[in-house]
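Starting off with a structure, shown below.
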């Protein structure tokens, strides 16, 4: 994979957003997160017009209403527009007739949008599309592979709370085998220092070896557990995920015990006072409603942060000329 | 239910539109309907820019293409934009995975729209969402419960024609048991004086007791009939509704006789010269095409009036500062 | 059919776009194609604002993602907006409940858009809708009948390459029986002089007699063939189309031989150096990927040309006052 984001002093260039790994710590800490802060301030004032006259195509091969909404609202807050959106392209469009992803993106390029945000049905298609697209592409998820903007908003949420991305103990709980979110975030955390990951999952849903190998290579610590209560008292971040119903039904009654892979009152008591509770949402039983009132709960803020991070990325891609001013460089 | 719309002299405030009942006669006659008149004039001139820079999310848990289009065009005529729209949220979004309506609206709030128009799959969800939403919500129908903007546009159509909402005889014909439209309009009419309602329906599709009790309490007169021809000569307003095909197939051949629950030429002869014929559309056999040429037919104007009423509501919610000028107050 | 486009000296008027036949050669050569050239230049400069404040409804009774995207981006490039879009109106909307196309368009008119682009499920519905619509309608395909903007962009592509629409030899290959595209283009080509058409298809998928009769009447030459290699060396334009999988499965193995109804290397060798290869896309096996590198391949440019032609049509319909200036008349 070519280097897609380049930063040198105050020169930066970002073409496509394809993977989590393409962002180095410098890009995150010096550009993306400070810009997200500026975006939060702009939204409070009613938005800005950095992308006035710019046109997004929102091309979702399968529906992901939440993600599509977040991108659309990011574009709107920046004064740009979603000129065309589809959320079912793989069912209805030419792709359903057998067209290659490359042909699809060649044609979308011909409509001259300024940026294409796309959810791809197939892992790896974001990379394929980015190879032939002259128009910037943002990967809004490709199959079970990557969801880089989700990982960025997760990390931004952590950074806002702790004012650091190093030296953190993060517990990840739930279906770690199938969760794209957890994988992408783990890849990103691996780039920082003194990171300890606690993977808490049923035996049948453990995290893949690829992540473990990656973490070892980057010097991050990790351990595996089968009960959240065993490690809750050590965490800075408790990152919960949903076990999908069809998979949940395969769990033993012992595995379904509250507190094991879900939050209950004992977990809340164990969890340090300064910790935060995250979740990519939607949440079900794994976070009971009464947790919402806990000061450590920040999953709704986390979803909101997606708006700011996506606004930051769109600005870097489409209006980089404004960055020095926005960041007082 | 808290008072959601407040009016005192020239001070008014409207947060959410949840039910028909929340509007009192003063709000309708002094603010909403005169504003709708101003909107009609603005549309003739090509629209206005009262809502420039304002962003709507159109969040339909199930499709209602007509209603969604009417709201979107209202926003566009006011210079605002629909920044994100979905018409199938209950099938594809996180709601399908079991998320509560409160969680969904907390997250939508985090995207910072100025207003959310929503069709809810479940009766009562509009009220639930409005309780937690800081962003104004407009209920575009919640299950079989309410469709307040439809009732408002219906009443506005009557008011435009008769220059009054009191002292009216209204015949409501068709499936009165399941029709949300008829229920909502009856609730609204009950607030006015000297209202007589004639409910004309097959025995199996009579209007519910809740409406009758409500009307009794408010001093409105009502009666039930099984043949439109029995009362057509007494009406100011003939409000037709469609009997859905699956229900229509359960009617006896006597009940299907033209003129009983549908318009035919004898009905047109009976109906007073100054009466009007309304229908929420789509219409089928209950209004044959030849009725379109009759001067009393106003169902297409009624649909168009939805544009003006929704523009008025959006202005009251999002740009109240302009109301005194618009109304010469 | 009334005359829908009128041109006299520098006065021109276009209300609806319903059929291919409504455009005469003068309209194409003097107005539409030169305007499309201006639009291409405008897009390079980032678009224009000829349609600022104008509102399109994109009303597709069935999905055609590619066509809907092309129209939406055309509107956006002109500074106008798609204020409401649906791509499944025949499944979800009132049409599914039995409403006539006339009623639907009466109601859409009441929402006061400036233009309605519509894909109709049923042949002939575009003409029906145009008869009652005061708002301009553009037919984006009606059943298996017409797809006039596709034919216009096809012919524009030919005109750009050869600087003429007369005196051309065009081979049309594939499923000529069911292809709306080929039919529409043949109707348009028939209006020009010295046109020779070579229809190359399996016996079971030959072009209809209506086209042959039309071409005879207009003095165009045509012939039928069962192997592309027999006539490839005589062509100016090789217009390929896809044989749909379900129909392809009925072909004999002899008919499926590469080069017969598909391009292979021998076909490329036979095809004259100055010829062009077109395809309405999506393409499958009938144009192998290695053809993309051939200088004669222009199917992606053809798709892009749709943007410019649709921008030209929208300008003629919605902002004709700008035409003299744009064309230096």
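What to note about this one:
Residue numbering begins at 1 within each chain, and the chains themselves are lettered A, B and C in the order written.
The rule we apply is simple: a residue touches a chain if its C-beta (ideal position, glycine included) is under 8 Å from a C-beta of that chain, and two chains touch if they have at least 3 such contacts.
Just so you know, these numbers come straight off a predicted model, no measurement behind them.
Between chain A and chain B, two chains of identical sequence, the interface residue sets overlap only in part, with shared numbers making up under half of the total. Chain B maps onto chain C through a rotation of 120°, based on Cα atoms and reported in steps of 5. Centre-to-centre separation of chain A and chain B, using mean CA positions: 41 Å. Along chain B, residues 81 each make contact with two or more other chains.
Every residue of chain C that touches chain B in the complex is listed here, in rising order: 53, 55, 57, 81, 83-84, 86, 88-89, 92-95, 97-100, 103, 106-108, 110-113. Residues 43, 46-47, 63-66, 68-70, 72-73, 75-77, 81-82, 87, 242, 244-245, 281-284, 289, 300-301, 303-304, 307 of chain A are the ones that touch chain B when the two sit in their complex.
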